[in-house]
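A, B and C are the chain letters, set down in written order, and residue numbers restart from 1 in every chain.
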Amino acid sequence: MNDRLRKYRNRMMLGIFIVATLTALIPLFGILGYVVKNGLSALNLEFFINLPKAMGAPGGGMANAIVGTLIMVLIASLIGIPVGILTAIYLTEYDRTSWLSIGVRFATDVLTGIPSIIVGIVIYTAVVLKMGHFSALAGGLALAIIMIPLIIRSTEEMLKLVSHSIREAGYALGISKGRTILKIVLPTAAKGIITGAMLAVARVSGETAPLLFTALGNQYWARSLNEPIAALPVQIYQYATSPYKEWHQQAWAGSLVLISLVVILNLIARLAFRSRSN
Amino acid sequence: MGQSLSVSNLEAWYGSNRTLKGINMEISPKQVTAIIGPSGCGKSTFVRCINRMHETLPGTKVKGEILLDGESIYDQDPVALRKMVGMVFQKANPFPSMSIYDNVVAGLRLNGMKNRQTLHASAEKSLRMAALWDEVKDRLNYSGMSLSGGQQQRLCIARALAVEPSVLLMDEPASALDPIATTHIEELIRELKENYTILIVTHNMQQAARIADSTAFFLNGELVEHGPTSEIFTNPHDKRTEDYITGRFG
Amino acid sequence: MWKAKGSEEMSKKYKLTASLGDKTLRLLTLLMAISVLVLMVWMGWRMLDSARPSIDKFGFGFVTGRQWDPVKEQFGALPFIYGTIVTSLLALIIAAPIGLGVAIFLNEMAASGVRSVIAFLVEMLAAIPSVVYGLWGIFVLAPWLRETVEPGLAKLLGFIPLFQGTPLGFGMLAGGLILAVMILPTIAAISGEVMAAVPNEQREAALALGATKWEMIRIAVLPYAKSGILGGVMLGLGRALGETMAVTMVIGNRPDILSSLFAPAYSMAAVIANEFTEATYDLYLSALVEIGLILFGITLILNVFARLLVWSVARGPKGGIS
């Protein structure tokens, strides 16, 4: 094949890849654009302070949903982050090769790939049915199960990046293994571990499916963790699929708040980590 | 303060690979003993057996005896042993999450010492011994990583000295450094030997000739010859030693 | 002569002197690790247990049954399996080539500044919550499909059964398109990781022979990364199969098995999401859980295969996007 034809083909293929990339970015800007445009116009102070108003009457807000999301994400983090980090420590510092560690790694892979609605089903049958009611606790638990494998994976990666020579320096000074892990290895990997945790929190804040039959949702303030509770993504879903225009607008506003939270967490995490590794 | 080392029939395995094949050696106190030999001869493994670091790697095994001032090192907690036998590594490895000051006192602080004055006194003393005090005294809270390569290595030496070991093991401490930094380290070693027993692994024969009182030549996991440095280099007893020294193989 | 023993024996002797704190940490981390393993097993068992009534009653016919009638206590999962597969396949057909194209652009073509920005944007695409995709799907995508795209397709390609029937906007086409956007970042990211693992010597060898950039990619990079890319596509498929919110908001939620992409349908995850809280009796709930079990099983097998494929190229268990 002559050179000019090859050059032409080269340019064409490379051009196709650029087009593919631009095509991929169109929906991103499309979605973000609509969320910002429609959301901003419905976003006001009442949105953040008021409870939902029935049947799409104007003036309602998503205060309870925002708080509900924060509460359940907190519960999930309090469970998921320690379990995840400790498991990752076990896999990197104590046991990299045995059957148990292979099993745990396999379980982590499986848990990462589970559709989040399945997690909701399991918590429903195991917790909601047993307790007899929906609750913020059940919702938080479901989110924790989603968080755990994410934290294990990101923490493991960060711990592996710590050069083995650092650990040896610790042992050579007569520092025990446990202290070396806690006071030398963990602080060294801290920035990356925190980044991973932030990304997991961002991911879990946007989850809807596992909350549908664990936390259920609530048009009012939940008075305890043992009651159904509202959550931002669930509220957006209910409003979007409702027939009321006022609620549709609030769904956009809620989406704007949710996306802002997720994007900000992602940005901080990426920027903070980048400054370290470079 | 135990400072003499006695090694008998030391064997070491890495997996199924026998890296040390029966080492017998007496190391005199308050002297610099250099360990020389080609790559893979077992000199690093040997030195890492003395502070029982070899065992921390998976799949390793050790047989034989090592006496520190008459007592077996295998009769005690390895963590405690490593406070008596300190180590400096080939590539300087200051703790990245700590300042210069925190690095120096890490060995003391992480083992429970809290008294601020003691820590500070120890930090100054160790940094002076490592000939680093004047250069860092005004920036003790800067990160340990902000120093040059040679300074980082001296920081690691100060860190090791702060724990007040009796024996100092050095595994090619200057091999990653430029000639000027190397000279500083060598001067340091000459000063330190007044108070410490020093074992230094080196692939640089001229370095051994410069600073070591006695030299041991390892080959293929065996100790071929061990004697006063001048003798090893001018009048070796074993032909293999002579071949190595004259550069017939490297 | 006292014989010192190897490291395992030595540490047995000194377990007594290892500090309490050390032992506690080791025990604690071990417990946590075991609990993760137990969690997976327990979840699988719980699903099986809850689905048992349905499994016992319908047997294999559950998978082939076309009727889903809670009133008559007749449950067959085929419509949902159909809807799930069609939308996911459609998503794959669209997202795989584009995702691969993005990965090639980012890894082999873009300068590092451009690469960081665009890679970040693609990550943002992955970070958008499913429900927001669904919202956009309801109010932007579906109307656009109903008014512009579907009539257009019907006019051009209406002789194919796929593009016949009334354009509603909501249906399998909408589901497939939205899924395509959602799984594209997964495919792009994993293909990218796998391509980055191709050693540079391979690229240099091709270039040294006088290959153009595209030829180099075609000869040196893609064949080497082939199985990893396939793994990435499988992981994307896995994600598409399990997507719930965005799909249920645009797919129409009707348990029909129709041949046109314009027709409404139902997916496994969607029916669970919609009907779970309305399942008033045991068999109903159990049937829904069984659907979940099937979904779990399919995604599990897919994920395991996919990771093996990715691992074989990149030489190390791969984390990252999933």
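Just so we're on the same page, contacts are C-beta pairs under 8 Å (C-beta built on N, C-alpha and C of every residue); 3 or more make two chains touch, one makes a residue touch a chain.
Computed from a predicted model, the values in this text were never measured in an experiment.
Farthest from subunit A, judged by the mean position of CA atoms in each chain, is B. Core chain by CA centroid proximity to the global CA centroid: A.
Each chain gets a centre from the mean of its Cα atoms; for subunit A and subunit B, those two points are 48 Å apart.
Subunit C has its Cα centroid 16 Å from the Cα centroid of subunit A. Each chain gets a centre from the mean of its Cα atoms; for subunit B and subunit C, those two points are 53 Å apart.
Among the residues of subunit C, those touching two or more other chains are numbered 18.
Multi-chain contact residues of subunit A (touching two or more other chains): 176, 179. Along subunit B, residues 56, 79-80 each make contact with two or more other chains. Residue ranges of subunit A in contact with subunit B, taken from their complex: 97, 163, 165-166, 168-176, 179, 183-184, 187-188, 190. Those residues of subunit C that touch subunit A in the complex are listed here as 18-19, 21-26, 28-30, 32-37, 39-41, 43, 46-47, 49-50, 97-102, 104-106, 109, 118, 120-125, 127-136, 138-140, 181, 184, 188, 212-215, 235, 238, 241-245, 249, 269, 272-273, 276-277, 288-289, 292, 295-296, 299-300, 302-304, 307, 317, 319-320, 322. Residue ranges on subunit A touching subunit C, taken from their complex, read 6-7, 9-10, 13-14, 16-21, 23-25, 27-28, 30-32, 34-35, 38, 82-83, 86-87, 89-91, 93-95, 100-101, 103-105, 107-122, 124-126, 145, 148-149, 152-154, 156-157, 176-179, 181-182, 202-203, 205-209, 212-213, 216, 233, 236-237, 240-241, 248, 251-252, 255, 258-259, 262-263, 266, 270.
Looking at the complex, you find that subunit B touches subunit A at residues 51, 53, 56, 58, 79-83, 86-87, 89, 91, 93-98, 106-107, 110-111, 156, 159-160, 163.
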